[in-house]
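Chain IDs A, B and C follow the sequence of writing; residue 1 opens each chain.
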Amino acid sequence: MQTYDLSDTHIVTPPEEIALSTHQLQVYYGNNRQASMTDASLSFPRFQITALIGASGSGKSTYLRSLNRLNDRIARVQGEIMYRNTNINSPKINVYEVRKHIGMVFQKPNPFAKSISENITFALKAAGITDRRERHQRVETSLKEAALWDEVKDDLNKSALALSGGQQQRLCIARAIAMKPDILLLDEPASALDPISTTKLEVTLKALTQKYTIIIVTHNMQQASRISAYTAFFHLGHVTEYDQTEKIFQTPKIQATHDYVTGNFG
Amino acid sequence: MTPNQTDRIATQVINVLVLIVVLILMFLLGDIILNGFPHISWHFLTSPSSPFSAGGGIRDQLFNSLYLLILTLIISFPLALGSAIYLAEYAGNNWRTGLIRTAIEVLSSLPSVVVGLFGYLLFVIQFHLGFSILSGAIALTFFNLPLLVRSIEGSLHAVPDTQREAGMALGLSSWRTIRSIILPAALPGILTGIILSAGRVFGEAAALIYTAGQSAPILNYADWNPTDGSSFLNPMRPAETLAVHIWKVNTEGVTPDAISISAGASAVLIIVILLFNFGARAIGAHMYKKMTGGK
Amino acid sequence: MDEIQKKLTAPSKASREDVTGRIISYTCIAAIIILVISILYFITSRGIATFTTNHVSLWQFLSGKEWNPGTLNAKGQPQVGALPMIVTSFSVTILAALVATPFAIAVALFMTDIAPKNGAKFLQPVIELLVGIPSVVYGFIGLTVVVPFIRHLFGGTGSGILAGTIVLFVMVLPTITSLSVDALRAVPTYFRSASLALGATRFQTIYKVLLRAAMPRLLTAVIFGMARAFGEALAVQMVIGNAVLMPRNLVTPTSTLTSQLTTNIGNTIMGTLPNNALWSLALILLLMSLVFNLLIRCIGKRGEIKS
């Protein structure tokens, strides 16, 4: 692999209202001295889609999973994650509250072995929403927002495991947005899906930006350029370039980014 | 000898050895069933034993075995579940966990007679529980715990990590995730493990002869008050189980029809354990099918 | 705005649930640890009383051939020689393992390499069934079939090391077999295909590649079997004869550590020498099970197949 100067970076701060930002985030796995993620400082604009791209092992998933403290059990995360003027990467923070505001959807669809509606109502109940009607209302709205309602509205009591992969993934999105989060993190949500399901998913995500801030990790550069407003390029645990998506793909400032988006990488 | 000849001979040798093993098993089962079945009758199953004359049954022993099994499971299951949850969900990858695992391995490798003697020392003697169902159930719990912990932990591990992540990402506490998502998903495996361990507990005798004792006092099956001395539910009475009974009539040699009683009792023991084994498989498969929506 | 900030730092229902969960599971695991420590402590403290309270020398205990703790010998010392039981316990254990191992490995090979489909389908339940048979049933069959058969062949009572070995052989067979199956299955398929592709016969592959690759785990399987045989009490007690005599051959009555314990611990009075001496036997059992455990760990650590 070609070596690039990792200190050579170009990172902008979006002029829009910022929903979430990180300052010098470092991630260490296990007892490693070597950081898997170094000095990541990014700001994510509200009601926009930001894409995180980069080769496998570049640290983009690690970074994403740190944002809602999901790495707590397996890694040490240093630095600041600012959300609503609060550093949520502090030991004093109630991580369960954080995760209610910052939802997440994973690479592989992971519905619970419960019915479709229970998949959504389960966390609502745990969060203390005792009103049945309110819960059912949320099932309907979230499934509609995730563009799944029409396909499953007659089978809400069927096992979620009987759905197709694409449907399961949209159910997982519905499950996440039923909690009414501010921010939605998506870790390669389309990697296990076929092209038609992927297109549906992208349309859904676009529509969701009316109410949610979305940060998405993707392997697929076309996908990043189709849906995102901003794009960050990750390389070997560093954020190399962060700018508006058009600029990243058309006039990248950094050599590594240029090589990656033109396919001359590695 | 050419390599091909060696190959043929070696294969034959292996086949013969396998055949012998199969014959041994068939002999064992045949012996137990052919000798035992003729002695199993309604009278045998429902009358009390008579140590000094022929014609005694195994009613009380059979009941004691079942009662002891249930008590043992009531004590050991919650403990094993909690420990397995600790090991599968909370334990870090460090020396402390290593030490805990070693301790459990040591416990599982202890001969059951040593476990029984410890129960005798601590509960029968020190705590003055005497030879009692309770002492027996505690001793059997010690004997049962490591296996149960291991099987439950295995079932918990078999639930994919993505399910844990799903729960966490929704802001659920780990405890809630474990209780309401991981445990139900692991239930078929856990249940299979419990039933298989029940088979082992049911046939165990060495841990019991000095804890639950070797005598079967006359029980009153109409007395539902567990604090009465003669009530069948009293956990503080001595209780000879089926397995202990087989051992005792054979070693004491005062019962004239010891051989036929043991043969019948052995057959009953084996049948119950077989039922446990098949039951475990059937229930596990059925629940798995039901949970995955038939897929 | 402020309300959300407050929620982010305040404990919630979820964090309280997590404390509950931790308390419950930590308590359970602590109970097991305390249990193991107290077993080790109680058996050890009872077991060493023979040497600390009754001042029997350890050497005399391990090498003496006379076991009669209630009476004194000509020199006025208590007769607590455990050697006959130690020898018998080790004899039946080693003999049973020696006989069972070839059978176990043959059955395992049959299930993994010779007839992997039907063999495994048929033999798996057979093995599980053998594991499930309670030890008193093995003892009973030993008493009614094996002992009379030996009596018929060699005369005498029929009980002794040979009867014990036969019963234990059947008992440890399933243990060793199922662990051997795991050991052989753990050898990657490409080991086999590579060897066969080089023109080796199946037996050459088994002998030179498979068994060698699986050797450490096969050894652990055998040690597991030995641990089970060494600690088995009732089945052996029913066929060994229970006379504390140095075994002169395989067919005279003798006694193992476990059989002596089960026969006599109820007939002695707590705190007296005859009782303490029995606890010392229990201590030997405990220590041996630790030794087996240690052996399994040592071999297991070396034998991991890296792929």
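The rule we apply is simple: contacts are C-beta pairs under 8 Å (C-beta built on N, C-alpha and C of every residue); 3 or more make two chains touch, one makes a residue touch a chain.
In this text the structure is predicted, and so the values were computed from the model without any measurement.
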| item | value |
| --- | --- |
| Category of the chain touch graph - line, ring, star, complete, other | complete |
| Chain closest to the middle, measuring from C-alpha centroids that were averaged per chain | B |
| For chain A paired with chain B, centre-to-centre distance based on mean C-alpha positions, whole Å | 48 |
| Averaged-CA centre spacing for the pair chain C and chain A, given as whole angstrom | 53 |
| Chain centre separation in whole Å, for chain C relative to chain B (CA means) | 17 |
| Overlap residues in chain A, where contacts from two or more other chains coincide | 96-98, 126 |
| Multi-partner residues of chain C (each touching 2 or more other chains) | 13-15 |
| Where chain B touches two or more other chains at once, by residue number | 171-173, 176 |
| Parts of chain A lying in touch with chain C, wherever the complex brings them together | 83-86, 88, 92-94, 96-98, 101, 126, 128 |
| Interfacial residue positions of chain C with respect to chain A in the complex | 1, 4-5, 7-15 |
| Interfacial residue positions of chain C with respect to chain B in the complex | 13-15, 17-18, 20-22, 24-29, 31-33, 35-40, 42-43, 46, 102-103, 106-107, 109-110, 114, 119, 123, 126, 128-130, 132-137, 139-141, 143-145, 170, 173, 200-204, 206-207, 227, 230-234, 237-238, 258, 261-263, 265-266, 270, 279, 282, 285-286, 289-290, 292-293 |
| Interface residues, chain A side, partner chain B - complex | 30, 68, 70, 96-100, 103-106, 108, 110-113, 122-123, 126-127, 158-159, 161-162, 172, 175-176, 179 |
| Residue numbers on chain B that touch chain A, as the complex places them | 93, 160, 162-163, 165-173, 176, 180-181, 184-185, 291-295 |
